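Look for chain A in each of the two complexes below; its partner is chain B in the first and chain C in the second.
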Partner chain A sequence: MTVQVLFFASLREAANTRELHLSLDSPVSARALANQLENEHVGLELRGALCAINEHYVHPDTLLSEGDTVAFFPPVSGG
Partner chain B sequence: MPEPKNIFVVSSEVLDITGYMTEVTDPAYGAVASFVGTVRSPNLGEDVLYIDYEGYEAMIKTQMQVMADELRARLELGHLVLAHRLGRLAPGEASIAIVASSKHRKDALLACQTGIDRAKDLLPVWKYEVNPKSKTWVKGNSSASTPL
Partner chain C sequence: MFSKEQLDRYSRHIILKGVGAVGQQKLLDAKVLVIGAGGLGSPLLMYLAAAGVGTLGIVDFDRVDLSNLQRQTLHSSARIGMLKTDSAKDGLLAINPDVRLELYPTQLSSENARITIRGYDLVIDGSDNFPTRYLVNDACGLEHKPLLYGAISQFEGQLSLFHAAHNDEQAPCYRCLFPKPPKPGTIPSCSEAGVFGALPGVIGSMMAVEAIKYILELGESLAGVMLHYDALYQEMRRIQMRRNPTCELCGTNPTLTELIDYEFFCS
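Let's turn to the complex of A and B:
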């Protein structure tokens, strides 16, 4: 299945990209995807990051589905 | 009674606070309240040159809808504007605005207070603060969800 991955703020800087398109062999959780991304991107540390799928916050153990957009970002500081 | 409306704004342009007040004002509602957050300087003892606001624009609007639904479930509101500015802001410029009308004052006032608290929890926005000595991402808040 394919998913879109987005990074923001300091994680965008660490990943050196804002957006990735990935093909995954089997359904995985956001946490498993995060582990995979950390292994593939030296310097990317996702511990403490928040995850969202399709613009809604999710628990890291949520499974991804075909076509999902999953975003990883630091704790928010808007306002 | 007019249909209550939500207006969500995410923009790199100057926030039109006066325009938002006009949008929510309606004869059916006797109260209009607003909260406006601005860039503060000094911050932590240092003069702020500017703040770059980065945001996940599509998700900001989705989460503004979540906020509006929460507020309307608790409060009897008329019209509601939720606005967040992105991009580079100088000290004193408005970064966020919550403007609400209601039949009576209490609901509009509470919408501003509760709304800014929820905005700081939910809206995916990050501040990069620049002062004469340093450039740093402002430490954020992860109460919206369980972090990795």
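Let's turn to the complex of A and C:
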């Protein structure tokens, strides 16, 4: 299946992109995808980031479906 | 009863359907606490004061620095070195002398946070560090206060309304989304990573919109939604959230029943 991955804020720098299109073997959870992305991008740390699938906040164990958009938002503190 | 000056000053709200004289009186009666008189606090406080929010509390222990003025539009070159609370007072009373200001030039801590927020109807977090954000979130949860949250970094910002009633239940809180503060050094602060000057103008103004809507019970609030704004691509996303049943503060079995001071590793 194919999924779109979006990175925000400091994660963009670490991933060196704002958007990826990936082909994955299903079933795969959001957490497994995050682990795969961390392995492929040195310095990318997705632990503690908010994960949303199709603009809905999800538990990391949620399984992905064909065509999903998975977004990772790091916490930010500036004001 | 409005004075003649108030009728004039607030006339554009008083004639606006949805606000009116009743709404304007609600604003005049409202008590709002703003944590941080910096980038987000500047537009936020200016619009709340201009709208006639009757009592504005301001918490900030910092002083105005030259490097603040690229984005903190409530302050000015002539007020460098002043306490931000005093500089904010000068700026806000110049906009609207009708507003009552309560200034707290102190550091929020586990000792004073709950008592400081207790007298307010709405708490707004425009602080600039994680320890304060967790402290304010926890204090609002324990005191059952709605918390309007906004945060920025570089070219992106986010806002939401935490703890507030939402579809007959409580909205999620900051800890539902981000259970633990990040490890020191993992997330860059504004002073380390920079921040786009007009960005807090956008997010702080949207926070003012949400605060006034909340007081007036207008439209739909951001309870249960995190609004994310990306200035570089002019994109907005609404992330639908839900309460985390394992949240230490507002989950099914809360374990966080008193405030914790996190080390100030970032500012």
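Basically, the second predicted complex is superposed on the first by the 75 of 79 C-alpha atoms of A that agree within 3 Å, B and C clash if a C-alpha of one lies under 4 Å from a C-alpha of the other, contacts with A are read in each partner's own complex, and residues count from 1 in each chain.
To be clear about the criterion, contacts are C-beta pairs under 8 Å (C-beta built on N, C-alpha and C of every residue); 3 or more make two chains touch, one makes a residue touch a chain.
Here the structure is a predicted model, which is why all the values come from computation and not from measurement.
When the shared chain is aligned, chain B and chain C each come close enough to touch A:V76.
In the superposition on chain A, A:R31 makes contact with chain B only, while chain C stays out of contact range.
Comparing chain C and chain B on the residues of chain A they touch gives the larger count to B.
Once the two complexes are laid over each other on the shared chain, residue contacts for A:G48 go to chain B and to chain C alike. Once the two complexes are overlaid on the shared chain, A:H56 sits against chain B and chain C alike.
Shared interface residues of chain A, touching chain B in one complex and chain C in the other, are 8-10, 48, 50, 52, 55-57, 71, 73-79.
On the chain A side of its complex with chain B, the touching residues are 6, 8-10, 12, 30-31, 34, 46-52, 55-60, 71-79. Residues 37, 53-56, 58-59, 62-63, 84, 95-96, 116, 119-128, 137-142, 144-148 of chain B are the ones that touch chain A when the two sit in their complex. Every residue of chain A that touches chain C in the complex is listed here, in rising order: 8-10, 45, 48, 50, 52, 55-57, 71, 73-79. By the touch criterion given at the top, residues 36, 38-41, 125-130, 133, 150-154, 156-158, 177-178, 180, 182, 186-190, 193, 195, 200, 226, 228, 230, 237-242, 266 of chain C touch chain A in their complex.
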